[in-house]
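There are two complexes below, and they share chain A, which is joined by chain B in the first and by chain C in the second.
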Partner chain A sequence: MSTRSLAIPVWAVCALVLLLVPAYGSPTFVDLAFRTASLIVLAISWNLMASAGLISLGHSAFFGLGGYVGILSANLLGAPFWLSLVGAVIAGTLLGSGLALITGRMRGIYFAITTLAASEGLRVIAVMLPDLTGGAKGAYLKAATFPGVLAINLAMSLVAVAACIIAWMVSRSRFHYAFRAMRANEAASQMLGIFPLKYRTAIMALSGGMASLVGGVEVWHGGYLDPAVAFDLHITITSQIAPILGGIYTLSGPILGAIATVFLGDATRIALGHLQGASLLVFGLVLVFCVLYLPQGIQGGLLRMLGKRPSEAAAEPKLSPTVATGAAKP
Partner chain B sequence: MTALLELANLRVGYGQSVVLQDVSLELHQGEIVCLLGANGAGKTTTTRAVSGLLAPWSGEIRFAGENIASIPAHKRVELGICLSPEGRQVFPNFSVHENLLLGSYSKKARQRRAEMFDEVYGLFPRLAERRTQKAGLMSGGEQQMLAIGRALMGCPRLLMLDEPSLGLAPKIILDVYEAVATIAKRGLSILFVEQNVQAALLVAHRGYVLANGQIAAAGTSAELQNSTLVQEAFLGKKPSLLATDGARGHSAAVPAI
Partner chain C sequence: MDIFPQAFSDAILLAGLYTLMAVGLSLGFGVLRIINFAQGEMIMLGAYGAFWLFTLMGVDPLISLPLLVVAGFALGWVLFHGVVAKVLDAPHINQILLTFGIGLAIQHVAIILWTGNARSTTPDYATTSSVVGDVLLVHGRVTAFAAAVVMVAALIAWLQWSETGRATRAVAENRSAAVLMGIDVNRIYALSFGVSCALSVATGVVVSFILTITPFMGFPMLVKAIAIVILGGLGSIAGTVLGAFALAFAETFVSYYLPEGSGWAEGIAFVLIIGILLVRPRGILGQAVET
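And then the complex of A and B:
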C-alpha cells in the first residue's frame, strides 16, 4: 500500500523538523514547536490511558507533580536539568501506578472523577505547604546550573519524538489487544486470562511518567510555578481535546490533534485577539464543528479522503505471517 | 479416581443475597455434564464461580484435585478453565480473528496458537470465512460459534459453555450443538449450562438439575430425560424427595423445604 509506505518517511521528516527547529528556527517557531511538542506528549499520554478504557480528568495532576518535582529538586537539592527530569518521570510513574491501585476496578465516570479529585487534592496540598512550594505566591526556579534555552527546547522535542515511538511500540505489542479488550469489556477480558489491574497499573505508570516529564521540562522553560499554573484544569482539557480532535484511540490522532489545537488556538488569538473573549469563542466553535463533522477526528477524515474506511484497525499491526497462514486453511 | 472438577458445598451470592445455597457436583476427565435449571436457579452463578469471576462465600472448588477457590480468574485460564460466557460477550469492535487471538492470550495458549487457530477454523468453517469481519456485525449463531472458538483458543482442560443456545433459532441451535458434540468426541471435558433441556440431554453424558441454588436432581441423560423431577424444576413445583441417583454413585442433594 502506497499510503502505508509513505507514512514512515512523512513521520520521520516531521520528527526531524521538530528536532531541528529549536536550533535553527526563529523565536516564534521555536516557541510554537515547544508548545506543540508539549501538547503532543500530553495527548499521547492521555490517549494511552483512554485506549485502555481509562478516561482521565486529572492529567494536570501528573503535569503539576512533574513540575514541582522539577523545581524543588533544582532549588532544594541543586539537581541539574536532566536529573530533575528523571525525578519528574519517577514521581509521575509512582503517582500513575498509585492511582491505578487506588481506583482498582473503577471505570468510566467514577474513574474520571477520582483522577479529577487527585489533581485538585495535589493543588490544595501545594497551596498548603508554603514553606516548600511557596504556596499560592508560587516559586521561581533558582537552579545552580542552567542548561540553556536551546537544551530545554531540544529536550521537549526529544521527549515528543520518544513519546511517539513509545506509543507506536505499544500499538505493535500484544498488550495493545489487552488494552482494547479491557476498554470493550473488562470482565470478558478477565475470562480470557488478562489480569486488568496489571495492565491498568502499567499503562497508568507509563502515561503518568510521560505527562510528568512534560511538567518537568515546562518548569525549566517557564522558570516559575504556582499551584494554579501547575494543576490548571486547562492542561487536563487540552490534553484530551487534542486526541479527540485528532482521532481518539489511534496512533497518529493525538499528534495531528495536538498540532491542530496549537495552530487553531494561535490562529484565533492572532485574528481575534483584539476582541476580548472572541478568540476563545471561535476556538470553541471550531472544536464543536470538528466533533460534529469529523466524528473520527482528523485522522479518520484524512483516511476517508484517501478512500479508506477509518477504523481502529488502521492503527494496528498486521498479524504475524505464521498465524495468518495457519488460519488460512480451514 | 479424582474428578477433574469438584464443587463441594459451594455457597455463593451477590452482595447480601445468596444464590447458590449448597452446591456439590463433580465432573470427570472426558465427561460432558450439563447443568439444567430455570431462570434464576444459579446456573450462570456456578460457571462464574468456577471461572473465578465470583468469589465463593464458603465451600470448595477443586480442579484436578487442587482447591482453586483463592486463585484469581486470569490464573484459572492458565490452569485450563475456559468459559464461553452467557450472552456470548464477544468484542464487537474486534474482527473475528482478533477475538480468537485474544482467546489465546495466556502464556500457555500463546505457544499453541497456530495449532488452535487451525482447530477452531476447522471446527467452524463459518468463522474462517469471516475472519476479517467485525464480530458485532455477525448473526447471533456466528457470535456464539465465535464465543466457543475463543474459549477453545485458551487450550482448555475444562470448557464451560454458558447457555450456548440463548436467543438462537432452533436450526442454529442444532449447528451449535453439533459443534459441541464434535469437540466432545476429541475427549475434552465440558461443563455446560442450558435451559433447552432436549438439546442439552442429547449431548451430555450426565446432568444436574439446579433449583433455588441447590442440586435438585442428578443423573445420566437417559434418567433425566424420563424424570418428572426435571419438569418440576422447570415448572417451579416443589422438588420432590425422589432423587434419581447419579451414574457415578453420588446422591442428589435434596432441598429440605
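And then the complex of A and C:
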C-alpha cells in the first residue's frame, strides 16, 4: 500500500508545478508546460473514448471545431476568453454525442472511419466558407478584450489538472466497469443490464468537450487559425500516440505518455531538425513498436521493472496480440 | 454549350480510376477483415516509383506498371509476414493503430527522401487530347481508364476462375470452412494482402500522369477509397465498382454544376460515409459484418 499512499502527494506536487510554471517559469518552460498540458488533455480525452472501445482517428475534428468556435465567437460576437471556451466545450460535446448517435451500435472500424471522415469533412467546410472562417487563408484573432498571456497559459494548466481529476472520477464511477464490460463483449454487457448507447454518448460528449476546449485555448494562445492548422493530422496522431505510449486504458498512462511524446517530439526536432517530417516518422515507428512489443506502454513497463504486478494490466490484457475479443472476429 | 456530355464522360473516366483505387482495399478487407490504413501510402509509393523510372531512365509509366505491380506485391508480402500477421487475431484497435502507424512511417520516409515538392510524370499522352463531338478527351485520362479496366478485369477473372482465386473467395466467405477444405489460410492471407498492395501501387502508377505527386497524396485517396468501399459494402467487389461510380458521378456533377463545386466535391466522400452509416451501414451490396 505504500506506493498508493505515496501516489496522491506525488500527483499533487505535479499539479502544483504545472499551475505555478505559467507564472514563475522561464519562457522555455512556460512553452513546454503549455504544450504538455495541452497534450495531456487530448490524450486523456482519447483514452476515455478508447476505454469504451471507441478508437478515434479524428481527434483533430474536436480540436479544430473548438478552435473555430473560440475564434469566431470572439471575432464575430465579441465573446470574452472564458465565454468563448464555454462555447468550444458545448460544440465539442454536441459533436461527440452526435458521432456517438450516428455510429449507433457500430464500433471498431466503422467508428474509426467516421471520426476520420468527420475531421476531413469539417476541414473541407472550413475551407469552403471563407466569409465565415477566412477560408484557406485563415483568420486572426481580433478579440475585444485580451486576457493576457499569463491567464491563457494558466487556463491550459487548469484544464489539464481538471481533466486528470475528471478521468480519476470516471475511473471511480460505475462507468469504469461498464466500459470494461463493453470493451470485452458488448452483447454480453447488454445482457447484464448495461445500456451501451447511454454510456457511449455520455463518454463521447465528455471527451469531445475536453478536446474542443483544448482547441479553444490554443487559438487564444496562437492568435491565428486556418483549416490546415485546426484539422491537422498531427493533433490526431499525437493524441493517440500519447496514451498508447504511456499505457492505454490506465489513469496515469495518458499523462506519462503526453510527457514522453512532447519529449520525443522535441528530441527528434533537436537531433534531426534538418529533416522535414522526422518527428512524425518517429511517431509512426513508435506506434508500430508499441502495438507489437509494448502493449501496456511505459506504465506497464515501469511496473514490470519495479517487479510489481500491474494492477489492472494483469487482469486484462491491453493491446496484447494474443487476445481476440470474443465475438469481434467472425 | 451543353456541359452534360463532358461531365458524363469525365465521370466515367474517373469512376474507372476510383474502382482500381478502392478494389485493393475491398479485397484486403474481404479476406483479412482488416482495413489497411497504409493503403494510401502504397498508392503514393507507386506514383513515386513511376516518377523516378520515368525521370531517371525515361521508362514510360505504362511499361513500368507491370514491374511496379510485382514490386508492390513483394512489399505487401513482406509487410504481411513481417508485421500484419502478428495482429490478425488481435482486437481491431491493434490492427487499426498498426496499419495507421505503418502508413505514417512510410509517408514520412517519403518526405525525408524526396521532399514535399510536387512532381508528375509527363509522357506525351498526358497532355494531348482529342475532341469527339462535344466532348474533350484528355488522352492521359483515357489511358488511365483503360489500364484500370484491364487490371480490375484481371482481378475479377483471377478470383472467378483460378484455383487460388476461388480459394481466396472461400476464405473471405468462411474462414473455418476453408480451413476444413484443406486451404492454407495463411498463404491466402499473404497472397491477398500482396495483391491488395499491388493494386494500390498500380493505382499510383496510373495517377502519376494525371495528378501531382506528393508524399501527402495517399491520405485523401485512402479516405475516398474507404468511402467507396463502405458505400458499396465492405467485402463486395461488385459493390465496390458500384460505389466507385456513385462517388465519381457525384463528385464530377457537383464540380460541374455547383458554384465553387470543385472545392465542395472534395467533401462528398465524407458526407457519403456519414450518410451511408446512418441509412444502410452494410452498404449497397455488402454482407453484414460484425465489427
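Just so it is clear, the second predicted complex is superposed on the first by the 290 of 330 C-alpha atoms of A that agree within 3 Å, B and C clash if a C-alpha of one lies under 4 Å from a C-alpha of the other, contacts with A are read in each partner's own complex, and residues count from 1 in each chain.
Simple rule for what comes next: a contact is a pair of C-beta atoms (placed from the backbone, for glycine too) under 8 Å apart; a residue touches a chain by one contact, two chains touch by 3 or more.
Every value quoted in this text rests on a predicted model; they were computed, and no experiment measured them.
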{"item": "Chain B or chain C, by number of chain A residues touched", "value": "C"}
{"item": "First (chain B), second (chain C), both or neither touched by A:T28", "value": "neither"}
{"item": "First, second, both or neither for A:R180, with chain B first and chain C second", "value": "first"}
{"item": "Contacts of A:I244 with chain B and chain C, given as first, second, both or neither", "value": "second"}
{"item": "First, second, both or neither for A:M128, with chain B first and chain C second", "value": "second"}
{"item": "Contacts of A:T103 with chain B and chain C, given as first, second, both or neither", "value": "second"}
{"item": "Which of chain B and chain C A:Q190 touches, first, second, both or neither", "value": "first"}
{"item": "Shared chain A contacts, counted only where both chain B and chain C touch the same residue", "value": "319, 322-323, 327, 329-330"}
{"item": "List of chain A residues in touch with chain B within their complex", "value": "174, 177-178, 180-181, 184-185, 187-195, 312-313, 319, 322-323, 326-327, 329-330"}
{"item": "Partner chain A, residues of chain B touching it in the complex", "value": "51, 53, 72-75, 77-78, 82-83, 85, 89, 91-95, 97-98, 101-103, 105-106, 109, 113-115, 117-118, 121-122, 125, 128, 131, 150, 154"}
{"item": "Partner chain C, residues of chain A touching it in the complex", "value": "50, 55, 57, 102-104, 106-110, 112-114, 116-118, 120-121, 124-125, 127-128, 233, 237, 240, 244, 275-278, 280-281, 283-288, 291-292, 319-325, 327-330"}
{"item": "List of chain C residues in touch with chain A within their complex", "value": "33, 35, 37, 83, 86-87, 89-94, 96-98, 100-109, 111-112, 115-116, 175, 215, 219-220, 223, 226-227, 230, 260, 263-264, 266-267, 269-271, 273-274, 277-278, 281, 289-291"}
